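In this document, chain identifiers A, B and C correspond to the written order of the chains, with residue numbering beginning at 1 in each.
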Amino acid sequence: MLAIEAEGLRKVFTGRGGGPKGRRRTRSVEAVRGISFSVEAGERLAYIGPNGAGKSTSIKILTGILHPTSGTATVLGLTPWKQRRDLARRIGVLFGQRSQLWFELTPRQSFDLLGRIYGLDRSATRLRVDELGGLLDSRDLFDAPLRNLSLGQRMRCELAASVLHRPEVLFLDEPTIGMDLVAKQRFREMVVRLNAEQGTTVFLTSHDVSDIEQVARRVIVINGGTLIYDDRVSRMRRSVLSTKLLDVRFEQPPAPGSLDFDGMQVIKETGLGYKLVVDTERRSIREVLDTLLDTQRVADISVLDPPLEDVIARIYERRPS
Amino acid sequence: MREPRPSRTLLATSRTALVEAWANRRSFWVQVGAMLLNDSVWVIFWVLFFHRIGRIHGWGTDDVLLMFAILATVTGISMGLLANARRLGWLVAEGQLDAVLTLPVDPLAYLLIRKVDTALLGDLAFGPLLFVFAAHPTPERALLYLTGSLCGSAVFVSFVVMLGSLTMVVGGRGEQGDLGFQALLILASYPLDVFGGLTKLVMFSVIPAAFITGVPVHLVDRFSPATLGALLGAAAVSVVLARMAFRAGLRRYRSGALWTRA
Amino acid sequence: MSGLTPYAAAFASAAGRVVRRPGELAVRLLFYVVILIVFTALWPAAAATAGGSIAGYSAQALLWYVTVAEASVIATKPRLIEDIGNDIGSGAVATEMLRPVSVFGLRLAAETGEALVRLAMALAMGCAFMLLVKGAPPRPAAMLFVIPSAVLAVAANLAAQHTFAGAAFWLNDAKAAWFLYLKFVFLLGGMLMPLQLFPVWLERVSWALPFWTMAYAPARFASGHVDLWLLAGQAAWMVVLASVAGAVFAAGERRLEVAGG
């Protein structure tokens, strides 16, 4: 079953200004230029792109905030911008820098009200809050005033608020902005758990590459308003970059020049530890490993995929397909 | 899940906002106390003024204290209970409208009710107190005072909502709202009849300050069905215009005015 | 003289900042104009009722009085205490303490720079408005004294504000004190009406406090009364207020050092 379906989405912003002061002429910006994709129920999708790529615009269209200029989209069978309130009952939305919770109150007090807004009765809300407290490891957070919590803790509470009503789809727009590394990781874990244990479809926009690695199984890359990549994360690395990294520790220093061969390059050298880059189009990993193990005294070796940043950067460089 | 009744949701939201204002106890009393003192200073000013000068254009100490009681009540409601009203433009500029649009609620009502300004609750307390102590309260006058204050609040809130809706159309950070609201408040803080023809005209139309204090005072002191009709009419018209303005602004916002592209 | 350079620089750069933000200034000035519109309605009516003049002030004198009084107060930022409180809380002040200049001195210099630009604009606008709408001040020559007096008024106001703001080193909620402070300036400082209109006991209280230096003094000149000793009084109070504020800041900084911001 398809949770989200978008066909030829286009969004043109028109208006005055945006230029240097005094030059108030009408301009138009095409933020989204004909994007089509579909998302199955229960999927975890990362929707990534650089700033200004059209990510926020896309998510605003899918959540019913904006009307597209042309094209169609359905979320859970509903047209978001036409059936906004009906859809609002079945989706959860978390914007990175906007809060649904009341600052001076405890999250639990905010949940009480939000539960009512979603039509849950008191006991149902209470049960659900309890459940979420366990699921998101946040029970101890719910009874402290929101202002006393750190950003990471606050966002976990916002996450709970956004799924209070058991939405079928959860939209997250740059949710980890401003969080420290540990907080980000915890948050991502929670999102994955929600998907795994409750079957919530996850649609996450981000420009943080680690969000992809840790949360998503599928990634859509957009740039300049067009979709330029759509595949499983696991395949992305392999298909886009034909390089591999070798992390090698030698038992004794390799003889000078002995690591010079075609298709391989030393990029880092720390004592006996070497980082090597292999261009697998020129020389297969098998060959390189064989050669190394035959000609050198190797203490330890690991074969790594290239960092995701490089992969993404390479994808951005692509012409839209 | 059944669709909850909007009125009950709004009531619950309002209660939550009030609970929030009450949550930080120390801050609450400090802010309310400061506002009460602030209002007292204004009362002292007016008492001194009229003590020295006597009546002006038919206004004396009694009238101006009634005026101030109404003003405090109106600001208590319009800026205290509906704290987001005058910040509407700013909220939109900050993107807070998006978060509201993803909830199954009426965006304007929810935004307005969602936040209470603690300090202004001081006004909400001061107004009725001043009325009781200085404005010769009788059941009839009290009823008229309440009616007048509610209508005045409707006009006030509608005015600032209209200005705030401008932000959805032309962009900016809500400065239009700020200036308009300040002008409204200043003009409404002085006895209506000292103003000359042109200013009075403005106060009955573009900047409806007359309906905030002037006409309500008239209603209480010199009741006539015509005055009541005019006030109720002004309130009703303002509310309708405000709703229309917001809806138009929202339509523009959702169709994608250039500046909204974050 | 090099010891003064950082302060002069802060002054100039702050002044430049205000000039480069005409939008903000315009909003403040428009607000001021609305107040003037109210005054041009209120005070002539008041004077007329009292038989032409009150406590030696003619209607014209009263109008010019409130114009200058309001301009002097409006030149200072309405949110100063909040800003300082935030800066203390955020640690910005702690960072400033690392510099080899006086935190208080630098801030005062900057605030004065901003305020004087606003003052100049407000006075220009207010005087132009009043001239056009109601005519010349009762003694045009006296207006010369308005300039130094208004500058001293603003400086004293800022110094006192910084004292109040200094409370933010100890309290969390200096905002309430701030509210009260403003009301003192409005009422006891003679911004709302000349001190001579008060009952005697209140007038005496006002004279004993420094607030009259912040609004009454320049306004008094504008109303045509050249009480030169006011300038001396303003200067004296300014020194006192600046010293108190400096002391409060110094104590506050010591507290930050000890408590660790």
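The rule is short, and it goes like this: a residue touches a chain if its C-beta (ideal position, glycine included) is under 8 Å from a C-beta of that chain, and two chains touch if they have at least 3 such contacts.
All of these numbers come straight from a predicted model, not from anything done at the bench.
S.K.: Ignoring chain B, what connected groups of chains are left?
M.R.: A | C
S.K.: Starting from the Cα centroid of chain A, hunt down the chain whose centroid lies farthest away.
M.R.: It is C.
S.K.: Which chain is the middle one, judged by CA centres?
M.R.: Most central by this criterion: B.
S.K.: Just give me the whole-number Å value for how far the CA centre of chain B lies from that of chain C.
M.R.: Result: the chain centres lie 29 Å from each other.
S.K.: Centre to centre, by mean C-alpha position, how many angstrom separate chain A and chain B?
M.R.: Here the centre of chain B sits 44 Å away from the centre of chain A.
S.K.: Could you give the separation in Å between the centres of chain A and chain C, each centre being the mean of its C-alpha atoms?
M.R.: 53
S.K.: Hunt down the residues of chain B that sit against at least two other chains at once, touch-wise.
M.R.: none
S.K.: Quick check: in the complex, which residue numbers of chain A touch chain B?
M.R.: For this pair, the touching residues of chain A are 11-18, 27-29, 31, 56-57, 60, 63-67, 69, 81, 84-86, 88-89, 91, 93, 95, 97-100, 102-105, 109-110, 112-113, 116-120, 145, 165.
S.K.: Under the touch definition given earlier, write down the residues of chain C that touch chain B in their complex.
M.R.: 23, 27, 30-31, 34-35, 37-38, 41-42, 45-46, 49-50, 54-55, 173, 175-177, 179-180, 183, 186-187, 192-193, 197-199, 202
S.K.: Mind pulling up the chain B residues that touch chain A in the complex?
M.R.: Touch residues, chain B against chain A: 1-4, 8-9, 12-13, 16-17, 19-21, 23-24, 94-96, 98-99, 101-105, 171, 254-262.
S.K.: Going by the contact rule at the top, pick out the chain B residues touching chain C in the complex.
M.R.: Touch list, chain B to chain C: 26-27, 30-31, 33-35, 37-38, 41, 44-45, 48-49, 51-57, 175, 178-179, 182-183, 186-187, 190, 194-196, 199.
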